[in-house]
């Protein structure tokens, strides 16, 4: 348990110090080093902690304390859960965070010291929140950290706050994920109402014992799934992720590729033992996953911003994972989560390196960078191969497992679509590689290789992306060390699965090579040929527009209706009442005309009134 | 002749006096009307005393007369004052205090 | 005979009262008032209360009439114009008050009257026994009225 | 138990004594005036911390009780005591008052009177929280409401609201948006509400005299009387509407935006931070505490209106251009959560409701401090005329974000704990669907709060603008103190939940199942 | 015959005679000294009488028809205090307004009226009641016009005179009808039952309506107040109302109730009318005296609630109300008087910036207005609340609600004055205040705040005193003539 606490405390201490000591924050570099030290401690501790789980020799451990005592209902306990899943995930998060923070030291070097301090404060905060999320032992605490990583994301996306787009993107990210979190919160409520607990272990036990009504379980899980969809940018909540690329690139690597966006999948893997009790929901998750994977990949085809290509790719890959969860292959999903973290973080970091060199995100402004930046190019290639799923990179193994589990789950159509998506994936990443690294013209500016602080993390990740497939045997061991170990049956996937997958990937790569390197055909012509489809893709299936419309019409419209109603009707009545009183008072005052005999009428009238009261009834 | 009939006459005079108070333009006319009202009340008291055999009623009437005279004295003094200061005895002209 | 006198006095009283409140000339109104007061004195006689009648005639009618005529002379008679203001609503209210009073006193004193108001001595006794306190208060009141009237009427010393 | 024999009397009388001392101090004694004010705030802070520390949650019930008869014939007495519900609210009041004193540290114009009226107001607030005699409670209630008139009228700020169309001339005539209008509206509206309360208390006094054998305003005595049927419901409604006006229940909330917008910083802090809670506390203490049957029968109404409040307030906030109005509408929305917690009639919901009182109190006080800082530095209240302020006032921006995050229920801050407890309560109450608009309301809050953050602080600075400076000196005190409280209460809810549970359990003990 | 029961009246009369004599014999060469002496003697005498009143036994009966129970005694203290306030205010005012040559008469008339007021609360018999009523009226007609050179004076005086005379006639007629029903002028005789008595009761109430200034018998009030010398209003606005309400309590209890005359609904109607019209009419006044006049009408509405309630506690609570009303309303008029003496007009405009021009006056006026508005911790709050309590005891909840809501309307105009005072401007002359005014105002303010903080000091005696009214002690019942 102590390593887990150390894991959490490292970044927390760094954040607290940087946050509470303005001079430290304003100094910039010391703050950065402090943050790196914190995350390094966390990485070390979590690494040590994870090893036994990878070897399959550790049992789950929990630590909890009373957080909110309640009467009339079970008190809320918070705590840490260390098991195969959380320990390995924590190690992953800490590792990548460490690499990214080191990388940022060089990448963000041109920022003003105060800005840099702020950046590292956010980074430390995010690391703490993400680790907390991973190590949570109950749903509510997960939600707590879930929102906190959302905040970290918001802050980091909007890091360049003076750019209007950055502020806008940050808002969009926060709002969209929050929309899903409405479901998450309600889901927690529903589950709590049905099971009376937030804790995973108790929840699993109760559900397993049949103590929870099926409908409530489905409803609650559906809510939680909505939350996961928001966080993991599943269709139609994917809209925020491409825009989130307004943030600094290392942030994109850490948050919007490797860790936070994967939290949704992580959560689904975590609750997978419950999901099996809600088969309809499983199907829905599968459908969403496949759809997301495919649509996002298609959108990546027409994107020219390198980071957005990668962002769509992330969405697509998360779709793969979701599909795996939906088809019952939580292990496959988690495996892909790990490998994806390696290669996608790597891709983003290399993209950052490119952008750093070129000063632009636009693929078409890059070219022949491989010559000037060999390390970067090599790393990019490694990442691209892993993403495309070429043997023997990490991506190959994990994607293969997903495809196998999908097929085993009895979704042949989905399987086909995913294979197709794999092809598209290979094509767009190939396109990016050829445009940026090789190509026919030189990039603008004077490209140069990035400093060691940047290339070293890239190199580490590149290695991991290439050999990460070796983790495959560890996955069942990890799962055996969770609180609800699944009955793993060594799946024997049909032999055609990896072959199909590899074929699709190779053909995708080949096609991109033909189009962008060999120039065998003009991609522009293709685009013109399929005009409406291309427009559809370029407009991102109009989902963003739909959100915009809802925001403008539904929210702002309703808002002004309510505002108007309040000012002129509700308050209008109040004002009208006072105004009437005012007028009546004035009229009465006018009747007091100073003529005493007119006033004496009142005496006579009063006399008559009293006499009537006395006698009349 | 009954006390009831006398009361009715008194009531009529009282009402006539009240009419005068409400309708007379000149302040002294109003004072005259007030006298009528008091006189009507005195008459009513006397009628009641007569009916119930109540000597105290006579005392009441005497008091009433005394007080009426006192009132009229003050009232006339006020009217004269108004005539002196405001140069008018018409009540409707005394309407600077209003609202 | 008593009834006849009653009716006659009632007619005189009502008529003079009406004249007092409507007469264009205030002098005429004052004398109509005097007539009404005298008619009332007649009623007092009918009620066998000679003390009241005497006081009514000597003190009341005389005193009031003197005061009013004096005031009329000092202020000068009203210089024309209507005697009445808004007579209609005033009349309506008068009628309403009369109706209320008539309704409230309906059925009172229908039976035989007890009378017995003729003893001046009994009045005197009452004044100094039962009604000593109000009598004393009345004297204070009259004193106050004299002071008040003097204060209002006198020419002022200036400081 | 008996830490100090007159702990509560001291709490109430300390600010009053400060007011008296301020009354006789010369106007120019600026430092002395502030010292006295700080003392007047510090003593109650100390006593309320003591009360929190020494309140024995296991023992439950009212503690630190003091009782002296005043007018025995009428059943009037000076009867003080706090239960687990009042203790956190005392602390809230002390915190807000303390920070309000610091927030207005730079008030130089007629500082003596300012602090005097502030102290009077606070006296009333403490009095309401500790009184166990309904009449004395009412007395303090009115005392709490009134000084605001002067605070707004003298130290407030005006911003004309343009009426649209036919309302144009009318609005100008009434002076909508002006501080005189706001002050008068707030005062009269709230006192009109207190008329309902008065009738309710009197009904209770008279109806309770029968069963008790003597008239009494005593809370504990009255709590043994059952007011059933129509009478109970009538009294409940009177309390609900009367106190509800102050709690900002729809549709009686419109005093709040106009009043709070016009008020000076400390005024809005006290009013939105504490006084609105007074309304909710009144409904809780008098309505739910004394009339459990009627409360049970009418909980649906309370909940329904609360739900309207949450969504309506949040939507209304989105329309506002004036930043102060925005905060005021958000208060309307958040008070809906308080009332929703009450309506759940579950212990979790009730605890959450009171927690929300504290959380929202601190949060909104922080908001108003910030908004006033922004206003004083930039001389603007219209958000559309702001932008890029984060460059020159990064500190204010940071704290604004913290306050905003608490208001949208971000975990780790006090607002989340409160809202979540309320939603838990709502979900397990007789009307589970209430939780849905509640959660949605929190979502809408995220929309308008973050939009405001973006409009005011983010983006490029407007060309030609003089950059408004950041906070400095004493101004930081309240910002740091309040946001620390938000964090503390966000991560360590036990601090308040222990006494709260005791208080809620007492209250619910009278509710049959 | 217990002379202590009439000691205050006799003492006041003696004081009046003394002042009168002094006024006649004192040399007029030194008018200032003479005036000061007269006022000083009168004030000292009244203060002495107030002290004496503390030692008087109650209940005590002067005659069968003239009693001084605890209730009456307390009411008389209110009147003596009101007279004292009026004279204290009048002394500097008379100088400032150049009417000091009328000091003697003024004092005597005030004292006479005080005797009338005191007699009114002690009377248990119609004749005494009527004469006392008149004795409380006539001097006031004159006092209203004591600044006779001012054009408004005779107008205001004529207005109160006409209302008063008509009301006297109505009252006398009512008394006649009640006597007709009971056959005696004494209240301890046979009950006055029957239709005639009911009408008589209504007429008596109408007649008293003038004295207590209940709408619609109150239309003279603002005009007369505006014209009358302001210090006199400290008396005029309190003593007649207190005396008449106290007398009404006694009549209702001793006459109407035994006869089965249900007057409560009528009184409740008057209460509602007074509250509604008083407050609405006050809403848009600019002249402080008019504003206070109308607000006084509204206040009377509140106290009529207690009268309509008629519970055991009601008279005591009403007395409490009047004490509160005395100090707050009297104090407010004294502030207005002080303003007028300084040459500042007593309007909303005239009090602008008073906060700077005369801080003490402003603070005091604020306290008085808050008290009238019924704000906690000043005396008026308790007064208002206590009458509401009384009304609630009798189940008059709608009226309590109405009163409470209208109190909010009332607060609007009180706060308007407060706002004008607190508005700080650069200009504005400072207001010099006569020491005597200052002392009287401060005394009132002290009472308003001090008793406001510890109302039980006043409430408990008031309640005890009321018991003697509601349950007359054996002495008063069996006392023979």
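By written order: A, B, C, D and E. Residues from 1 in each chain.
The definition used in the following text is that a contact is a pair of C-beta atoms (placed from the backbone, for glycine too) under 8 Å apart; a residue touches a chain by one contact, two chains touch by 3 or more.
Small disclaimer: the values here were computed from a predicted structure and weren't measured.
Q: Just to be sure I understand the contacts, which chains border both chain E and chain D?
A: A
Q: What is the minimum number of touch steps required to go from chain A to chain C?
A: 1
Q: Taking each chain's centre as the average of its Cα atoms, which chain lies closest to the overall Cα centroid?
A: Chain nearest the overall C-alpha centroid, as shown: D.
Q: Farthest from chain A in C-alpha centre terms, which chain would that be?
A: C
Q: Quick one: report the Å distance separating chain B from chain E, using the average Cα coordinate of each chain.
A: 26
Q: Quick one: report the Å distance separating chain C from chain E, using the average Cα coordinate of each chain.
A: 31
Q: Rounded to a whole Å, what is the gap between the Cα centroids of chain B and chain D?
A: 63
Q: CA centre of chain A versus CA centre of chain B: separation in Å?
A: Their C-alpha centroids are separated by 95 Å.
Q: In chain B, which residues are in touch with two or more of the other chains?
A: 14, 17-18, 21-24, 30, 48, 51-52, 54, 56-57, 59, 63, 67, 70-71, 74, 78-79, 81, 91-92, 94-99
Q: What parts of chain A, by residue number, touch at least two of the other chains?
A: Residues 589, 592, 594, 596-597, 600-601, 604-605, 607, 611, 614-615 of chain A touch two or more partner chains.
Q: Enumerate the residues of chain C that touch no fewer than two other chains.
A: As it turns out, chain C has residues touching two or more other chains at 85, 89-90, 93-94, 97, 100-101, 103-109, 130-131, 134, 138, 141, 145, 148-149, 152.
Q: Under the stated touch criterion, can you name all the chain pairs that qualify?
A: Touching chain pairs, listed by label, are A-B, A-C, A-D, A-E, B-C, B-E, C-E, D-E.
Q: Which bits of chain E are touching chain C when the two form their complex?
A: 6, 13, 28, 31, 62-63, 65-66, 98, 100-102, 105, 108-109, 112, 115-116, 119, 125, 127-128, 130-132, 134-135, 138-139, 141-142, 145-146, 148-149, 173, 177, 180, 186, 195-196, 198-200, 202, 481
Q: Can you check the complex and tell me which residues of chain A touch chain D?
A: 66-73, 140, 143-148, 151, 154, 158, 161-164, 166-168, 170-171, 174-175, 178-179, 181-182, 185-186, 189-190, 192-193, 555-556, 558-564, 566-568, 570-572, 574-575, 578-579
Q: Hey, which residues of chain A end up touching chain E in the complex?
A: Going by the criterion above, the answer is residues 581-582, 584-586, 588-589, 592, 594, 596-597, 599-600, 602-603, 605-607, 609-611, 613-615.
Q: Across the complex, what residues on chain D touch chain A?
A: Residue list for chain D touching chain A: 161, 164, 167, 170, 174, 176, 185, 189, 250-251, 254, 258, 312, 315-320, 346-348, 351, 388, 390-391, 405, 410-412, 416-417, 420-421, 423-424, 427-428, 432, 435-436, 439-440, 442-444, 446-448, 450-451, 454, 457-461, 493-494, 497-498, 501, 504-505, 508.
Q: Across the complex, what residues on chain B touch chain C?
A: Chain B residues touching chain C: 1-9, 11-20, 22-26, 28-29, 31-33, 35-36, 39, 42-43, 46-59, 61-63, 65-74, 76-81, 83, 89-90, 92.
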